[in-house]
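Chain IDs A, B, C and D follow the sequence of writing; residue 1 opens each chain.
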């Protein structure tokens, strides 16, 4: 089972829909421990991505993802902008020229993406950031692929791990980003960035599960 | 029956008490059609009067009332300050040198006081101001005195007329002062200045009724 | 009550004391009676320009005391006209031999207190004149009301007359200029929220979450009309058109006859704006509205003026004449001639308005 | 939502358009990507000083663009850091051949976006340096947090560095001065009310009628402690003592190595205030607090500084770095040496700060 360019494009469109639906939810999470803009920012960013997609839809997957990254960098702002921008830029660079992705390609893509986020933001697992969703997802995906599972099963595991990682942020004390200023008061709230990361991965799973 | 200097002093002290008690009530009336300060201003003014009284208590009634007027002028501010200041100044000037007041003295005093307010503020009966309480009170008092009634009966009539005049301001459309800016919307509210005038006259009646 | 104050009864005094600490180069304060005056007063041979009114409109008037603007400001209690002894003592402190102009906002209380002050100054031998500012087009009729209220034009008049006095105009000239500024200035304001007078502790009026009040007074007096909140563009249009399309306005005011030493009634008429007018525009925060929103209003005002053939040649965007922490905006337009513009551009150095020095 | 806006998504743009109409002599705007820049940019041979950050803190930064202060400001969406393309395009527009200083408030988003912008500028051959402002003493620990936030000192740094650039300092000199200003400035703020982000439409946080939040961030981030409202004097004391008694603070920041073209980590320590220090004091409204209350705070601050042996040699009292319409105040103290004072006093002409011209 491979992932086609068409699926990647549909994934990005689905992400735009999902983020629009969850705009208020993400913003509410950010209001509790941040500055109440994460949903608004991500929604604005993926609206911009939607606007750019027609221009690159007939190019390769690498170009599509790099364009997505650039669109996010120049429209999201905040912490989310450079982080998700870097995530998609690096993902695109990792699969330059490809028209479809094997499970191994997807491992390469995800690893590059997550590494980019870590380099840019310097956060570790446990700091209560999107990294807490992304790193377990990457590990679960890689493990499943190495065990010979198909892409959809591997993605299922990745999404489950991301969800778990996202929920695990609730009891954490934030050490990075705006939430860190709250100290103890950051405990008990789910991290908005971890939540958007989970939603983005979930959208990939849902896209892959659809009839191609 | 005459009114003594002692009664005048007790009257002024009572006015201070009454205005303190009615500070919020008068301010609430002023909030509806003015700027929510009439009670606060009058209370501040008569607190100042209380502070000045010991210095003039052993002088004549004229001096006591003029001092009251000056204290009000320099502490009340707003429309109420010059108007009530003028009222007490003119009252004092009308009974200069006196140690006690006959009913006829009181007529002279009241007329001078009310005339002063009208000169200063240029309001007529019906404009929805303190004049609507003061003018009927003066007329009723004068009529009662001319009919040979005693001071307390005459004051009773004056206070009843003031109360009626005060209530009559409710349906009026304001033509003077801050309330006039409301046009039709001033209708249905009792004028704060008419109310304080009624309270001040009522305090005189209550003082005169007490054992001297 | 969401305020940075200590005891409400000390608010005005403590705020004045803070001003004195912050601006010793510009001003001094006198307490009991309260007034703020130029650090270098009296300036010999210069007409002294004095204003005053209730507190709660800061920076007006105390924030305009300094070089090129006011010689003194007399702050009353919050939203309560000051008392005549304040103006009289201030006049004595800043009188430099050329007389005193009282710039008075048209509110019954202010007018009466300033009239008493003028009588006191006159009796003391200080030449004096009272000029009323009555520019609030929200008040239509002068026959059935106390007349138009004094609002935004006050700030512009204080700047222009302050500069004229600094330039050596005599009392009559400064007074004539002030009257002319008033006759060419119009203002209207609106509120999104009420304000809370410290001594009262609760909002002066209640506005629903989705309501606003158009034509509000600067003391939290209810305005002309309450309605659902509209967009900034619609609000700007309501205010700007009420100002620009306001017809000629005639009223009788009292001025002081310096020779005879008595009040005389004067009939004044101001002419409506017309195409080709050059204007000074002020977009003013009622206190709680941030400058970012004022610029949204200014943007639309600029468009409207252009469409109506008015050219904005100078502007002020900020909080200049406020109602405590009220959210809302007022717009002032002043038809400016060369003389006014010259004095507008003259150097000024006060806590709240400064340029050219 | 009690705001003078049209559509929330147009708020930043329309506010910028209003600024451009109001101040054509001082600044121009560029839309998409958004930035505000000096009308006479690029100034040949002068270091260009650029700042930026989320909108909603007006007048910062756009209101500080003009002569003697910022060459450009990059406003993001409300409370959202701007994007690298904004800073990059602004840098290209105002670069006068002597390089660009980015003054960056220490928030994760701002830092990352400005770092990307610096990388872009460097790649384009524009000499660049990023100096962080991290002065908020409400944040104690830099090991377990993203470090101190950039707050009030930003305004003072922009004024001083703008003047230094105007005076001909080269990029390294302006950057060194900026770093020194940051290491000598400390700030803390508090909120009486929340603010409402236009796009969200409801208050960022809920405060009870009798509650306040101490140590608030300028984006409506909840602060360190919520408590019953206290008097202005007590609040001033809490903020001032937190600043004055704050111990030495050490952190590691990233600066750009212009030669190698890469980020280097630098350890910086600032020293606590001590008796005899001369300070510039800023008492700043969070947006919805009127200046009358700021003076009440300034009064107490003056007394506290005197008692602690600090001399306030310059001050700013007003709304300079705000959080939309939030009520509240922040206090900033900057230990100032002769060089800083000289540049502080130098002429400046921007929409929100003006003197000497």
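Just so it is clear, a contact is a pair of C-beta atoms (placed from the backbone, for glycine too) under 8 Å apart; a residue touches a chain by one contact, two chains touch by 3 or more.
What you see is a predicted model, and the numbers here were worked out from it, not measured in a lab.
S.K.: Identify the chains adjacent to both chain A and chain C in the sense defined at the top.
M.R.: Both-contact set = D.
S.K.: Hey, what chains does chain B share as contacts with chain D?
M.R.: Correct list: C.
S.K.: Quick one: which chain's Cα centre is the longest way from chain B's?
M.R.: With centres defined by C-alpha atoms, farthest from chain B sits A.
S.K.: Between chain B and chain C, what distance separates the C-alpha centroids? Give it in angstrom.
M.R.: Computed from C-alpha means, the inter-chain centre distance equals 32 Å.
S.K.: Between chain A and chain B, what is the separation of their C-alpha centroids in Å?
M.R.: Taking the mean C-alpha position of each chain, the two centres sit 76 Å apart.
S.K.: Could you check chain A for residues that touch two or more other chains and list them?
M.R.: Where chain A is concerned, no single residue meets two or more other chains.
S.K.: Specify, in ascending order, the residues of chain D that touch 2 or more different other chains.
M.R.: None at all.
S.K.: So how do the chains connect up here, line, ring, star, complete, or something else (other)?
M.R.: line
S.K.: Dump the list of chain pairs that touch, please.
M.R.: Result for touching pairs of chains: A-D, B-C, C-D.
S.K.: Which of the residues in chain B end up touching chain C in this complex?
M.R.: Going through chain B, the ones touching chain C are 27, 31, 33-37, 40-41, 44, 73-83, 120-121, 173, 175-178, 180-183, 185.
S.K.: Touching residues of chain D toward chain A in the complex: what are they?
M.R.: Residues 33, 54, 76-85, 107-109, 112-113, 115-116, 138-139, 144-146, 149, 197, 199-200, 204-205, 217, 219-222, 224.
S.K.: Which bits of chain C are touching chain D when the two form their complex?
M.R.: Residues in contact with chain D: 2-7, 11, 14-19, 21-22, 55-56, 58-59, 63, 192-193, 209, 212, 229, 231-233, 235, 287-299, 302, 315, 317, 319, 322, 324-325, 327, 329, 351-352, 354-357.
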